[in-house]
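I've put the structures underneath this note.
One chain, subunit A, links the two complexes that follow: it is found with subunit B in the first and with subunit C in the second.
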Partner chain A sequence: MVFGKMFMKILNKDRRNKQISILIIGLNNSGKSTIINYFKNKDDRKFVSVPTIGFNVEHFENQGISFTAFDYSGQGRYRNLWEHHFKTCNGIVFVIDSSDRMRLVVVKDELELLLQHRDIKRRRVPILFFANKMDCIDALSSVKIAAGLNLEKIDNKPWQICSSNALTGEGLQNGVQWLTAQIRECQQTKELPHE
Partner chain B sequence: MEEKKSTHWLDALSDGSAGLTTISSCMSVCDLQCNNYYKLVTAEIPLKIPEKRPPRLRVYKGNQVINDQALPGIASSVQSLYIDENEPKMPIIAVSVGPSIFFYRNMKAYFKYTIPSLMIEPLEQEIWRKLVVERQVNYEKLINDLKTMNFSQMSSLSQKLISLSESEREEFIRENSEPKLTRLSTIVCMTTIYKNIEEEKEPNCLIIVTEASDIFIMDIQNFGILHTARVCSFKATPDLISASGSYQNDYKIIISTREGSICILRKNWLEGREIVKLERAATSMSLLQIDQTIVVLSKSLMCYSKKGKMLWSLNMNDTVMCMCPVPLPHLGVSMICVALKNGLVQLYSQKNLIDQFQVGDTVLAMYFGKLGLEEQVLVLVTINGNLLIKILKRTADFSNPMVTDKKVEDEPSDMKIAIPKKSKIFVEQTVREKENAIAIHNIFQSELWRMRLEAAKVTVDILRTGDSTFSGDLQTPIKLLAQCDGLGPDFLLTLTLENISATKIVTNLSIIIHANPNHYKVDKQSVDLTPLVPGIPLITDFNVSIQITSENLLPPDMTLENSIIRVLIVKEKFAKPLIASTVVMPQPELQMLGTI
Partner chain C sequence: MALLIMHSYNKSHSSPPRGGNPFQNLEKTSVLQEARTFNETPVNAKKCIHILTKILYLLNQGEVLGTREATECFFAMTKLFQSKDTVLRRMVYLGIKELSTIAEDVIIVTSSLTKDMTGREDFYRAPAIRALCSITDPTMLQAVERYMKQCIVDRNSAVSSAALVSSLHLSSQHGAGDVVKRWANEAQEALNSDNIMVQYHALGLLNHIRRNDRLAVGKLVTKLIGQNMKSPYAVCHLIRIGSKIIEEDYANGTNTISDTQFLEFVDSCLRHKSEMVIYEAAHAIVNLKRTSARELAPAVSILQLFCGSSKATLRFAAVRTMNKVAIMYPAAVAAFNMDLEGLIADSNRSVATLAITTLLKTGTESSVERLMKQIATFVAEISDEFKVVVVQAIRTLCTKFPRKHSILMNFLSAMLREEGGLDYKTSIVDTIITIIEENLDAKESGLSHLCEFIEDCEHTSLAVRILHLLGKEGPFSKHPSKYIRFVYNRVILENATVRAAAVSALAQFGASCPDLLQNVTVLLSRCQMDIDDEVRDRATYYLAILNSNNPSLCKNYISSNDQMVSLTLLEKTLKDHLHGPLNETFNLALVPKTAPTPAIAEETHNDPMITTNSVPKAPRVTREEVNVERLLQIPGIQRLGPLHKSSPAVQLTESETEYTVSVIKHCFPQHIVLQFDCVNTLSDQLLENVKVDLLLPEGYIIRHVIPCAKLVYGEKESTYVILEFPADVSSSSATFGATLKFVVKDCDPTTGLPDSEEGYDDEYMLEDFEITVADQIQKTKVNNFAVAWDAADTEEWVELEETYSLSAVNTLQEAVQTIIKFLNLGPANATEKVAEGTHTHTLLCSGVFRGGAEVLLRAKLVLADGVTMQLTVRSTDQDVAEIVSSAIG
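The block that comes next holds the complex of A and B.
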């Protein structure tokens, strides 16, 4: 029972035609592809389309939910190519390699850029952080990472940090459960005025 | 006081406890374990002499020391090299200590190479022959003869003999009855060039330079010397080296000497040539890979052509310590990073100060390039043993030079425009042109047609194979992004066109979709676009359906390879498309086909 199915259950019962879009972002080598694979394999697989653009992006759709994963690598060049996804995304999964201590500053910088982005800044988008590779000996704890990234400063978005091991799937479930609950909440509160 | 904190760099590490003192030539960064995680290999240079413990050779993963071992002496250079093309491509480390080079594989020393001996004076050889044969008889006289020679010109054996007391000499000579007279120079610097293909991780050759001005080019596959040369024709003591190219094709080696000469050695030369004579020996020197100019840091920062012509120079405000090139091809700039004694680190693009920051103490060594998984990292080691790692921000933009009141040194100006005289050749040529006007015209015409044919061929080629998503034409800088959604057999192809110029509006564009009609049905073959304004992307959707056969199967000749749709962006009155791109279409879900 994974990403897609869980989302279906919780979200899609009454919103069959609206697409839920989740962005999976993080530096290269943080474990995004591994996380995506974990979910894809266990589910009845849907197709993967590889866009023709020259940067690292993976995309798959699952019963109305689209997942798009991006590498934060390459210096600024491709920035605007993935930023347009910010506007429409309903949730963000931010994957961090807990064992790459040297690049924690880069993670922090990217997170700041993300939080300051005009399409994200004022929106209540839930962010799930995976402190991935928790199995590595030199991995930082999720508490240390949260402190290092100043996560407690995020005040207008629900967020959560989970230690994970994308190779075994450990921790992924918990995180996803949290994210789905949050997205549902955001959807409901958004709809209230219309009703 | 001006702002001394740069916003372009992220401080990944500032480790005051690193206890690492070294120099730039003893730092090398490589993919040591072949996992794309670049690590710093460095030999410690003890600043306080005499240091009791032997200097260390260390490997850093980020800020962690993952390997630490003793070196047999103080190193002069650390290099990483690739031996062969075998996978996995694991670099080896070469560390020069005195007259020898220690080679490490997996950080285990596995070979020691010692440079060939210098010439032994015939007089010295003769003296030793007599010493061994004649025994006691004439010791006194022979040793006095030896003493008349220049101490530094004799073998280490003779040096030892002279320094012994009379009572010890007999014993010493008996022990060395078959004397091996060797005179070894010291290796002062090393660098690498490629063996053949000039690409990262391709096999290298090691270039070794000795204090005695010998240059050796070594094939590290068998530790054989491929080429030997002299630094220059006169007496000089080499100090710094920088090189580029490959042994088999072409290479250049630049050497700077303690006497202030800068010499160049090219392929097949037996002796280098002096191209520049500096007032003061260079502290740092680098042959830039980008434009093959030579940047020298002495009292000022100077740039010379390969022929030794000064291109520009810039005075420095304080004593200079070291420098390194900072090429940033993605930003279209190439900079030089210079460290000053007062702890200021400055980045220059030619003579323009682009960026600067202050570090706590004096920087002794620096490196710029890959580190860890990052591509653009500046590593600084200070005199107090601090290790600083600064990562260039992805969003860094150096397009605006810093405003400073620094006076720019006058360029060595030779602005005289050489107007050719009406020479004999010129007159003759005019006559020829008059006489053979028709032939010249015909040749011109046929060449013109040839060129047009070539252009047409290239255009067809671009149409057929092109898959660029950027328009190469500078007049119309546009970018195409294609996305394909759906499970099939019906897809939604979304094309996003964006004008990436700053100000120019692009008009009269059309999209042409080209797909095999037996495979795909596309709702529109072409679309004329509204003018494209900078910064506002234009999104166009196309409904694409696979031409399913009556048995609900894919078209028979449809394969993974030919499941493509070509997208051309054309501009009115332009024969050549601005962008020709290929969208690889996903394979439809077979269950979905079944349900139709």
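The block that comes next holds the complex of A and C.
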């Protein structure tokens, strides 16, 4: 009874400032902008996507919550700019091109840098990994990627890996549902006086 | 700084003014602290707009942000892109533009801006383009090129204009010009837009893209003239481009069909329905150098019409234009003296000032007094800038009516006593100095006015100049002793720089006035106690010379100033000397003398045809100074003595040929060094052992040839020939035939490496060139020609007098220019300008022939069916006098 009431309260609070800010990062050509494109209204979607320079801000609604997504460029020279939004984001979406075996080590490096960053290291930020381009013939499975990236070593943050296909939208909804739930939980724990 | 001033302004009033500036007490650190609000979610648009306003205010007040501060602020600002508030977004654009030059990694917003500029929200598109172009560097330009091209031809005029203007700004960035050039087709399309601004901006961009290709610009103008453009702004710009072409062609002496066409177009614009276009056309016609009386009349009557307009801007424009050209066409301006008289009482002070000064320029001697009284009534109310205009008008008056000097001088000294900035004061002092130099009667009163001025002068530079002048002119005045008091006062009261100048001035009195020598030595010995090194050094130096009782020492080291060597060159040669073997003594004679500075009048005469932006003035370096540096690298050049003169480069080939060669003639006392600058324009050839073979006229002897070892494609290299002048001066002006000789090796155009070691001899005919009398004469400026002329009436000087009839010229001005050009003499007493409407004129000029023979020339010209000239030459050398007087004939 008491628990139920509290849950309602938090839900209401969420509804009041139902703004969630997420960061979308990953190497170039992994499909970040395309994923965002899928979540947008049908009228707003773009058919051609070009390499992002810097970042783009996109808004979309999902499960009654409005998301503000900072879609960053994944090109090498811009990756050091990601950190500017680490402090303020509620969640991180890390997109990986599962067909790009060659650069998996680069992904690992970048992930390491992200996790060791002072604005991320001690925060309990949910991280959602999309193993994108699952439709490619030589795509690695999500399990193999998780193992390759040593994801199981992440202990202070909730994380999840989903195979996805940003062109058809397969797997995207599941991932975002998980992310929303996790962000809610995080905010909930934050409001408790002692963790 | 501005903040500070405002601050103190408020303090001086006991109560702060109501409704004052809400931002006046802003502090940078606290505002930057506030900027952290940008990171909060959700974004509070209202609050953020306010903070952004504060940041922009601070930046525009001159507050400087460090790179880290700016970058932090910039990245905080990028978070605001998540807000959908239109006002906030547009403030963000402004912030991006302001910080784009200070912050790092500004390209981060590229995609966000591209999205806005291609998006559906019209409010965002134009400002997003402007912001995008401010953060884009040439390397990033290709990424946005496609969007820019689209936007240039966009249907929305604001978007199209923004894209065009931003491209214009981009193209002046280093390296971006070539990319922007590729947008010419889009700009061409925008030129057909219905919107007047888009049309104007498109024309601006197109002209800028093609500005280096005269032919293309000409074509553009010709095409547009026929199209009858809708935008008055574009038409104005077209007039400017057109008149620039006409002016350039006129200066080059070419006259093409398109010039006539352009002129007709400008003329037709006088009947345009827009006032702006009419004015622009009139302005262009009046300022064109080739305008004849027939074309001038309608333009002037248009300006006259504008003088009576109810719009202050039109009156101002008309009067300002007339003011500028009053000297060129006094007769035409005189026609509307009546209108100008009416404008003196104009409620707009700027209009009134210009009207009066125009009248002063064209007025007669009798009206001067009346006009000066009228100026005096309002001179205190106008800004410094216009006061300078008044001063310049007075200067021209003084040269024109020397007898009126006392009124004008009194007026100037009254102005000198008033408050004013350095520029204003400098122009007054310049004017007084010019008057003193040109008018002997005004000398005493002018000097005493200047003495009074330095008693209370806050500008060190002016005080130093005046002291120098006092030292130069004072000793020869009627009562030299009275100036000494003024000069010595400076020694007691002023800063070290002024004191040093005063000491030098004192020494001048000591050297030139024997009866004052005793007093001067006492004063100078007091100066030896000065606390400043320079002042003490000078005092000791001058005392030693003065006490030596050796008149020739005094003359050479104190009173005579014509031994001025070029300081930059002196420094350089001294440095070289220190690096070289120190057992040789330094020879001052090797350092070339500076050419006399050109008359000030040239500098103040601004180019009236400025079309876009004024070019910052390059520091003045004489041709000789530039050349000596290169010449000194030639071995053995020192033996030739000091460089007397370098001629401008003369092309010996057409500009579009395989090899281009130009010659510069460096004249030494007994030798001439010919410097051939060669450029190889064939990318598949390497030239070696390049030299110029000369066909010598009688008397000249080749002393040395320095070939150019290697001439690579596109690079300018020089080969030299050193000639000795013929012993007989009269045969020194002669024509030379020239052939370029070299060894050709074929090479790979990309690497520049020769295909084989074997080459073959080849030669290339060059055009003939001349060594003229002008090449052997260096200009001098004589301040008081009459004195110099009379002083030259002794046995040491030779005088030659002859009468010529100049059939090739039709006006006196033309005759004067021809004489100056042929002889390269420096005109004195402003005699190079012929007053309009006169039939007689006397040209006075002077120079130094190589070897040091002075030349003074007086040419009396009479206009009657062509020009008749009586030429009198005085020189210290018989042969020189002969060659000079025969050079004209």
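Assume the second predicted complex is superposed on the first by the 134 of 195 C-alpha atoms of A that agree within 3 Å, B and C clash if a C-alpha of one lies under 4 Å from a C-alpha of the other, contacts with A are read in each partner's own complex, and residues count from 1 in each chain.
Keep in mind that, in the parts below, contacts are C-beta pairs under 8 Å (C-beta built on N, C-alpha and C of every residue); 3 or more make two chains touch, one makes a residue touch a chain.
Nothing here was measured: the structure is a model prediction, and the numbers come from that model.
In the superposition on chain A, A:Asp138 contacts subunit B only, with no contact to subunit C.
When the two structures are aligned on the shared chain, A:Glu61 is found in touch with subunit B, with no touch to subunit C.
Put simply, more of the residues of subunit A are touched by B, taking subunit B and subunit C as the two choices. With both structures placed on the common chain, the touch criterion links A:Val106 to subunit B but leaves subunit C unconnected. In the superposition on chain A, contact of A:His117 is made with neither subunit B nor subunit C. Shared-chain residue A:Asn29: touches subunit B; no touch with subunit C. When the two complexes are overlaid on their common chain A, residue A:His85 makes contact with subunit C while staying clear of subunit B. Counting contacts by the rule stated earlier, residues 51-54, 81, 84 of subunit A appear in both its interface with subunit B and its interface with subunit C.
Residue ranges of subunit A in contact with subunit B, taken from their complex: 27-29, 46-54, 61, 66, 72, 74-77, 79-81, 84, 100-106, 108-110, 113, 138. Within the complex, the subunit B residues that touch subunit A are 10-13, 36, 62-64, 328, 330-331, 371-376, 389, 391-397, 467, 469, 481-485, 487-488, 496, 498, 537, 581-584, 586-589. Residues 39, 41-42, 75, 78-79, 81-82, 84, 105, 107-112, 114-115, 140, 143 of subunit C are the ones touching subunit A in the complex. By the touch criterion stated above, subunit A contacts subunit C in their complex at residues 17, 19, 21, 51-57, 59, 68, 70, 73, 78, 81, 84-85, 87-88.
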